[in-house]
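Below you'll find the structures, each written out as structure tokens.
Each of the next two complexes has chain A plus one more chain, namely chain B in the first and chain C in the second.
Let's look at the complex of A and B:
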């Protein structure tokens, strides 16, 4: 259907993930870029403005984005698709991470671990979190709206406390340092040399790859599988049932959708994604204390959802990129500005007004990392800005980045009749 | 309100288990009253003090929720910023003009001067509440409840940044006239005039109970006034209230100012026993809001008496668990009393999903 973007002649064609040629081409280009991202390519590096990351500082944050996308999609299925607000996503991520550590981690004198390979611990992390989610769901089904949000918020505190009890430490390790999590190495079973080594630099097929580049590719593959899974859940019978419950739960029940069962399913799916995301995040970081799965993490995911756009998986990806990479951009910008201090012209003036490098300066951003008092440092400004961003997005663009994207897209789709 | 539900085993098991549990607790307390009266009195005093603080902060949540249908997650940030206002006025700027010989802690700020700076700090806090309401909450009228609640989380992140930054290096004392001292009930006076074995009651428990009593009486009286009736009407139905000529914006503003004032009072008491021993604002001060949420939810989000009852129940549960389960602290983990409120909240919600006094939401197709 050329130039009729919103006309569908069958349900199947409407439910297609990529419904137009443009989308298919864009997806193919996007995937190629994503796959090539971590490599230093000889030709492309010569082009202006296009830089692939190579083994740069940015590769790790980008890998974090991939992991957060998985977990955020889980929350989106629960909050955006099924309409059940949860502030306890960090808790389920933690459950997943410790399930993974229990199955795949190395046992020491103080912590459990069975050293199983990734193809067991990764699904195991999801299943472990999903089981806990199903355990909590019957409580959650009785509650609505803000009551549910606050109970799930309580889960976060209870979870961190459990991780610090004597028996919780057998899973979570020392409360201050945490424990080692399994690496992304792909093994068949517990053999010494992994089938595909991810956790150290070295040869892969015919090219050299550093550990960051390798883990990026592994995480990218996992993320693509999970995104496809989520897309398919949302457009299946289950997804439609969840949307019906979100829109009006009594009406959905009247239509024959078993509310209790589908809410439990929503919690299970959401926790599954959270568990997988949490396990991968822990694996990427390597060592985390139990207190890391806190309210701030959960709020970060809610922010991802709201900034990206509630209920849309594409939006979730936008939101994650924005929330994870945004603070880094600000940090980089400050560092860049710091280098401009001595220079003449507008950037020098800008640096002088914004930065505080010592007593006598009055800029709002301090360049020291640990400086107390009024000129806040960059990290503090990031937290504050992130609060402001949540507020600004909710007030001015409730559909989030996805809404902005839809506007841009429909402008071009409707051209020349766009207004 | 009764309708066909999916099978939920927690409903009946929850209520019968709760009955058994409450009976066991009551029997245990009677046992303690007979055998260890002093410890019980001390525990109850502490529980009352903590419960009163929870009730004050919970009242702030409830006032804001009733008027604007918002759970204000920024109460913690407001509490800390408000307490910092007081620290700034009373300690840094020496608003208490004179220091006097105080009967309780020796040389300290005068009661009058300190009281004055508390009043000024509360006015500042109320102004902050008004500003937040005007800039952040007013544009969100009519938006989904969840979005507005999340906006307050964003506000919390913003306030917390500045508040944390000012106490990170050194605590900010509040110059509270009664300090962290207290008096002893009962006990035996030895030859040297020192009392041993009595139940210790901190002055802050007494002060918190008095403040809570004043706050609740004030709110109940306020609800009888013309403005209070308007506020209840707004809580019932915003559009209908507006159609009847009630200034909904003014109601919102009053609720937020009152909420910020109550949060500040909570923040001041959060630096006192039994919550903290320092008498100074520190990073932990802001957690008073998250610690109070179980009390709000247990009592019912939209009920003033619920805030009082919920606060007292949660305070009692937390303190008595800390006192009587301390022998199991190895299995329960250090700091387990802080988790008790959430556990009590979840059990309570299994039995009454809208809290003890909360109004069930009417659901229509």
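Let's look at the complex of A and C:
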């Protein structure tokens, strides 16, 4: 049925996340594809994107996307919605990861661990990080903008230092190798056979499911729940209060919004998401040293927000996909081009122009691993592109990919009129 | 409008006298370092009264507003709301008591839509916290409350005739409509007293007349008392019940519009000659 895009017949339908039939259909199709993606099914495995990434390598990065989406949403609630710029997101992820390890990990001679099930350690990771976040929040009441960013930057260094102290090593393990994190196995209590085991291959209903396929689905479910929670918070009373503080803090107070209280709430919610994301990331990787929760990780999340779109949950998902899968796609594309060099036709010419395989070639992308030096290899190109993209988005599309999406959407909604 | 019957009923009561005054400002003085922005100002506002504060630029009108909403803390004097002192309370507590305000330079939340701005005004009349917000559906969720308040916001949109701008981010609205949305956001708080800081500043004649209409409607239909700071003398003299004139932070006249217009000190303040300062 054709509908006018902004015509609603009730206030309840206006408040829906997916208000149009088109959106609901798109979401249903998208979810089906996402759920079926890890399995080798006749139609799904022919989809270009999935095939392009290679047969089994891709599940890992896509799982990373799911985990990063959770953490990035946390930063977006803090920085995008509530306007409190934080460079310490990696720190809060680390706090979450070690809370999870403390509760759910296995104890050894050198590290703590209580071997509790995921029902305990996953929320525990969030709550642990949220409590630390609430301690930091009062600083944000005093400082704003750049000053707050610098203070949160300090957290990252304090965190890595703490992880290297004797006390910290009981949580974080060896500074070089790190410790084992709990697996995603879902069990009732400390029982021997998990309800859902993702640590080994096995049968799921009528599927043969491998470890990574199962953990992907578990992560997908967790991510969907977290996205929904975030979306609900942002569209209801708390979300509006946070935006009000971001836009005009004095006016917000005069409207009856307690600034201190809501800044604490913003930090708590943001750190909760960071903690859950950090715990899942650690669990996905399996073993991480404390130095992994560093400034680069925090900056990666800032990049996700800037590229995806500040203040938008949908944009965060776009941004994460772009930042995590982008470099991988470029890498795959380079490899694919490399195989085309000998062939005739347009791809052969393209490959000759772009790639440098030996001393006589002049392409900007080197297929070697030599670094640095011109031509850059594909990894260096990825790092460079990363920086360039942040600059480009800040200058040309401050709303990020979400802004581009909105423009495309409104173009078609208004067609044939231009505004 | 006077409810002095209550006072007569308990003449020997020891507590503060029950009176019919909504707001009493009692000899407040506000200083910033060596500058005395507000000097010994006293006035009171009755329920449903339209009270105006006028004065030349820099006279301290907005500072009086900021003192009432406790954005600034006056060093001396007392401000009473329903006979109870509100000195030293945080601005958000003042809002909870039923004092809403608009600002001289529009202080809307520019990235939010008109609906969201007005819903933010409903904040103090809503109760669901972030957990209920996250749950959203179900008996404890925020959905019912959200929808209910959305309906109330629609009444305000209807009252102020801003239907066409509902879904626009307020930053994109014309100035006159932004002023109207800001009035709407204050109304959404269901206040008993509305502080209007230059509601028609920078507006053309037609917009000014529209705004005057809205202010009178708020007084008569919604029964909300208002304090109006305004430079448009025509508007003030036409609609205000009483007028307080301040100059250099000090009160120089208080009375009905006709009385104030005839006051020699007021004329002197506006024309710039010597005049005595202080009500005696």
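Some observations on this one:
Going forward, the second predicted complex is superposed on the first by the 358 of 419 C-alpha atoms of A that agree within 3 Å, B and C clash if a C-alpha of one lies under 4 Å from a C-alpha of the other, contacts with A are read in each partner's own complex, and residues count from 1 in each chain.
Basically, contacts are C-beta pairs under 8 Å (C-beta built on N, C-alpha and C of every residue); 3 or more make two chains touch, one makes a residue touch a chain.
Since the structure is predicted, the reported quantities are computational estimates derived from the model, not experimental observations.
When both complexes are superposed on chain A, chain B and chain C end up sitting side by side without clashing. In the superposition on chain A, A:256 makes contact with chain C only, not with chain B.
Put chain B and chain C next to each other and count what each touches on chain A; the higher total goes to B.
Vectors from the Cα centre of chain A to those of chain B and chain C enclose 80° in the overlay, to the nearest 10.
By the document's definition of touching, both partners, chain B and chain C, reach A:248. Looking at the shared chain after the overlay, A:238 reaches chain C, while chain B stays out of its contact range.
Contact with neither chain B nor chain C is seen for A:278 once the two complexes are overlaid on the shared chain. When both complexes are overlaid on chain A, the residue A:164 reaches chain B alone and has no touch with chain C. Of the two partner chains placed by superposition, only chain C is touched by A:311; chain B is not. In the superposition on chain A, A:153 makes contact with chain B only, while chain C stays out of contact range.
Contacts of A:388 after superposition on the shared chain: chain B is touched, whereas chain C is not. When the shared chain is aligned, chain B comes close enough to touch A:398, but chain C does not.
Between chain B and chain C in the chain A overlay, the least Cα distance found is 5 Å.
Taken together, the two structures place residues 248, 250-251, 254, 258-259 of chain A in contact with chain B in one case and with chain C in the other. Contact residues of chain C toward chain A in the complex are 69, 71, 90-92, 94-96, 100-101, 103, 107-112, 116, 119-121, 123-124, 126, 128-130, 132-136, 142-143, 145-147, 150-151, 154, 167, 185, 189. Residues 6, 11-12, 14-15, 229-230, 232-233, 236-241, 243-244, 246-248, 250-259, 265, 269, 311 of chain A are the ones touching chain C in the complex. Chain B makes touch with chain A in their complex at residues 3, 5-11, 71, 136, 139-140, 143, 145-151, 153-162, 164-166, 168-169, 290, 293-294, 296-297, 301, 330-336, 338-339, 342-343, 345-346, 349-350, 353-355, 361, 363-365. By the touch criterion given at the top, residues 79, 85, 138-139, 141-147, 149-151, 153-155, 157-158, 161-162, 164-168, 248-251, 254, 258-261, 295, 299, 302-303, 306, 372-374, 376, 380-381, 383-384, 386-391, 394-395, 398 of chain A touch chain B in their complex.
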